[in-house]
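The next block holds one structure in the form of structure tokens; read it before the comments.
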Amino acid sequence: MAIPAANLYPPVNIVRLSHVEFVVRDLKASRAFYVDTLGLQVTFEDSQMITLRALEERGHHCLILRKGDEPAASHLSFKLFDEKDLYAAQAFFESRGLPVQWIDRPFQSRTLLTSDPHGTPLEFYAKMDRLPPIHQKYGLYKGVKPLRIDHFNFFMSNVDEAVAFYNELGFRTTEYTEDEVTGRLWAAWMHRKGGVHDIAFTNGRGPRLHHVAFWVPTPLNIIDLLDLMATTGYVSNIERGPGRHGLSNAFFLYVRDPDGHRVEFYCSDYQTVDPDLEPLKWSLKDPQRQTLWGAPAPRCWFEEGTPFQGVAIKEPDLKATPIVAP
Amino acid sequence: MAIPAANLYPPVNIVRLSHVEFVVRDLKASRAFYVDTLGLQVTFEDSQMITLRALEERGHHCLILRKGDEPAASHLSFKLFDEKDLYAAQAFFESRGLPVQWIDRPFQSRTLLTSDPHGTPLEFYAKMDRLPPIHQKYGLYKGVKPLRIDHFNFFMSNVDEAVAFYNELGFRTTEYTEDEVTGRLWAAWMHRKGGVHDIAFTNGRGPRLHHVAFWVPTPLNIIDLLDLMATTGYVSNIERGPGRHGLSNAFFLYVRDPDGHRVEFYCSDYQTVDPDLEPLKWSLKDPQRQTLWGAPAPRCWFEEGTPFQGVAIKEPDLKATPIVAP
Amino acid sequence: MAIPAANLYPPVNIVRLSHVEFVVRDLKASRAFYVDTLGLQVTFEDSQMITLRALEERGHHCLILRKGDEPAASHLSFKLFDEKDLYAAQAFFESRGLPVQWIDRPFQSRTLLTSDPHGTPLEFYAKMDRLPPIHQKYGLYKGVKPLRIDHFNFFMSNVDEAVAFYNELGFRTTEYTEDEVTGRLWAAWMHRKGGVHDIAFTNGRGPRLHHVAFWVPTPLNIIDLLDLMATTGYVSNIERGPGRHGLSNAFFLYVRDPDGHRVEFYCSDYQTVDPDLEPLKWSLKDPQRQTLWGAPAPRCWFEEGTPFQGVAIKEPDLKATPIVAP
Amino acid sequence: MAIPAANLYPPVNIVRLSHVEFVVRDLKASRAFYVDTLGLQVTFEDSQMITLRALEERGHHCLILRKGDEPAASHLSFKLFDEKDLYAAQAFFESRGLPVQWIDRPFQSRTLLTSDPHGTPLEFYAKMDRLPPIHQKYGLYKGVKPLRIDHFNFFMSNVDEAVAFYNELGFRTTEYTEDEVTGRLWAAWMHRKGGVHDIAFTNGRGPRLHHVAFWVPTPLNIIDLLDLMATTGYVSNIERGPGRHGLSNAFFLYVRDPDGHRVEFYCSDYQTVDPDLEPLKWSLKDPQRQTLWGAPAPRCWFEEGTPFQGVAIKEPDLKATPIVAP
């Protein structure tokens, strides 16, 4: 199936991905990981929840840690351009027969909760509490010096369908992997905010969250984090990398948090604002698409992910096998 | 005068700055500078003109060098979202009594030539020839490894008026410097593409081009360029830096080309896609706005610039004096 | 077996490792690799031989490529402090019943050819032709920007014996790996010049050269080389890394040349000039000794190496198995 | 006056510079600077004194802060190879009619206190308390990530005489600046440990300490420190840089501590262990010797320094004027 032509006049103006809420079993352990080790900044905390922002963000949070019994992701949240886009979103999802409801969320304006056709829980809002800038308070920078949330990547049982749906909603494909045997999509990267992606899909049991990624200043900050994690008790949380992705050209590292949620640190992809930007195609057989330097990803990276709370998981119908590390 | 509220529904959808044409006296000397030293890639050349692109760009060029007798900038070019925006631009500029004409430019679709109220020559187009990606041909990277054009900065004789005009056109202010004595704007940074700026204005004899900037991967590439220029005959072309700007938080270096055109290398500013992003205000008396580390800019940096071909230059009516290096 | 106490008043004053000669089958292919890709500088070449130096070296060469039929290393060369040390070296090797002969080598003064008790061919000289400095000719820097030769690592069939011998000769142990089951040494790092090592030994079929290493400015230069090799036809020459060694704390990458000779790029180990520097011990069972971040080395890294020309290879009597990548 | 030939068989085996003691007026303010901002590690503190080490050092300290009324440096300390060298040092200094005394210092073995012919207080010892390694405790790294002390630089009223004296003592000159009008030395860099220098002299009112320098991993750590100091109340403590020195080829930054003591951060000079290394000569008229990129040093950098406690200061007889920033 071909990548659909970009929908340049979409029904809803989505500015960017906003945040994800992770259910974690031990807030203290999660705080040690996300705050003390990675360097995210706490913007609110009580006995049930911690909200975090990265260093250049002025919105209240890019990550919510909520205490719970089973590791999961509650929902993926997106910021809309305007209040009017909330109603446009409502209309769009209703017209596809998808469930919508209006909810209250702390720190943000009226919020629409809905889901995509695969069941992925999505949340849309237009205004979140704004905080004073801290990007020039260099005394606060530590860990990997996370600057901003960059993207979500999720497993989808049918990537072709996911791409078609999100394309209609206005996400534009920048790169994709095709299974050349079947002509089906194995993976796709789609953006709103002008980088390689706000969201990406990988073929697999889904919907599940594969990872959330944070933008960091340079590859050296990722090396610093590796040194830090390797010598502060987190060596086994390092999953894959560091390396350069073929897809996106970004420098990357994947780690797992204390509940197994996967987090990527990411920098140096490219600008994608041109509406006539041509999507780049990669073959599923090319290991350089994963890591430009040739190393295949480990099997766990292709198989493990975070379930969405209360959402049924389907087997993918595309059974191709990616190249994995031996 | 206050910064006007962002015009979130502008009359024309400008995607980003596109390119500038420099008139240079010696194409060979300019080629040695821009290609052999900085590392831009030639996409066309003949006896009169060289066109260049940076490494991650797929548009045909971000810089045109045209042989001529007097150093000048011919025009500043911007990419529009759609052909329809060309006519919207025509209507916008005509409604303000500004001159418009349709022109043919090589490598790009129908082009509108006009100017802002100060006389700055502006060009708008929607489609430019697309070239195959080279961002992963690492054998081509050299010099400062320029990735893409980032912004234009120009001297304006009245920054308040410039900001008001470009704000109407849809540019959003991210940061600005105010002369606190008069309440007038000294400088402003305005964007379309989601970084700190596509265009910036500095108070001074204008309109003149202050500099064109290219995005580079990391501060180390700027250090590499300094080492290279310092030992290949270009030491006196280094004008200011390296340093961190207070304004924009970017790491920077300013150099002068063989004709005196100023070029900035720039990285690590921040994402500005939120429509509710609050502009940051700086005082003209604060030297950290220029260089976060405290060093004032040299006087030449505040005074010298590139004239636009055939455009009259006016004295600024704001006579404040910035802090300059002793 | 314990690490012997450092011999602080050795019989011979060895300044540092100097160079290795590799037999290669295709000088043109080797030149494309070492010169065009890695960035070493040619100091002499004819139809049979190319000599190379790194950017901060003023000695004539740190690597000799000699055309031949079978990939091999001819000899490892060391620079002595003084001509008198040549005779001291002669006496030392003769007293141990090892073969010595005086030979002529181009570009260097009178040269002693000998071998260690395992048969490793060693060469000593005091003066080599000196070349004008090029470390500030930044126009010459490319590839990985190699600055100087750093160390040799070789497989030895008995590391305990190798350490005892080289310790007597004045090399000081900085770090070592012990097989805790047998109490035998698995590997050791020994220096003369004030870094972690000039030479290192790894248990294995030997003597064979495991790798020669070059010092590079920062980890980013290693990342640049990975990007370059991955996109210029050398992706399969990338063998291991990038990573941080536990042992030595250095940042590293291992690649293979067109004949399979292994080359390491290395930076950021530590200063070891204190005569009372305590050797650091690592367990063979600890994968962090190899890569601080936890990734085991691939099996080929433990097994493959370059034979010394005409030297018989012995099986190691220590049969411990290191942790290898699955 | 020419640089004397290196004294390759010196009377005393000095391993390296060891530490300096600074008299500071406010230990708390100094601690905030050296520990919280620069990132040195406290190894001892009481109400009168703080001792510090850098991250890769295993000796007890490289810097002593002692409470006192007037900012000063008490003495410069050097580590000897062996106890025997202590007596050799005693003999050497006595033979030149210089004062010697045996003193007790905490954390180090028997110590010789003496001075050079200019009156600079020097201290020699062979053993200092050794501490467990912390170079792989990456949780401790912060600020500029100082790895080790690198060198002392001092003003001397007669650099020719200083070079002659320290050359006899075994320091080897790597680079020097000559006043071409008089043929006199303006400055010289001399080493023991295999880098560009352990000590350097600059013409000026002396003896005074110009600065103490610490080795840091990469230029990016220096940029991080600039960002940190600029936004934590230390912007006016930034004196010169960042830049690349012509002399030494190192990347540098100079800052002033709360008492005005000058500290340099320094990386990427080159290896100098070859006994036949040729000293490099620079002209006093060449601003690139100071900063390869062309920027002259500020006047204060040439004039201000730390007096040695109780040591008379003499005017230099060489009155040449270096190029200074306008």
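Each chain carries a letter (A, B, C and D) given by its place in the written order, and its residues are counted from 1.
The rule is short, and it goes like this: a residue touches a chain if its C-beta (ideal position, glycine included) is under 8 Å from a C-beta of that chain, and two chains touch if they have at least 3 such contacts.
Computed from a predicted structure; not experimentally measured.
Engineer: More C-beta pairs touching across which pair, B-C or C-D?
Structural biologist: C-D
Engineer: Tell me which of A-B, A-D or B-D has the interface of A-C again, with more than half the contact pairs shared?
Structural biologist: Matching more than half of the contact pairs of A-C: B-D.
Engineer: Taking each chain's centre as the mean position of its Cα atoms, how many Å separate chain B from chain D?
Structural biologist: 44
Engineer: Between chain B and chain C, what is the separation of their C-alpha centroids in Å?
Structural biologist: Spacing between the chain centres: roughly 49 Å.
Engineer: When the C-alpha atoms of chain C and chain D are each averaged to a single point, how far apart are the two points in Å?
Structural biologist: 33
Engineer: Would you give the residues of chain A that are in contact with at least 2 other chains, written as numbers and ranges?
Structural biologist: 136, 218-220, 227, 230-231, 292
Engineer: Which residues of chain A touch chain B once you look at their complex with the stated criterion?
Structural biologist: 8, 15-16, 56, 58-59, 79, 81-82, 127, 130, 133, 135-136, 147-148, 193-194, 217-220, 246, 249, 268, 270-271, 273-278, 280, 292
Engineer: Given the complex with chain B, which residues does chain C contribute to the contact?
Structural biologist: 136-139, 141-142, 218, 220, 224, 227-228, 230-232
Engineer: Once bound in the complex, which stretches of chain D touch chain B?
Structural biologist: 218-220, 223, 226-227, 229-231, 235-236, 238, 242, 244, 251, 288, 292-294, 325-326
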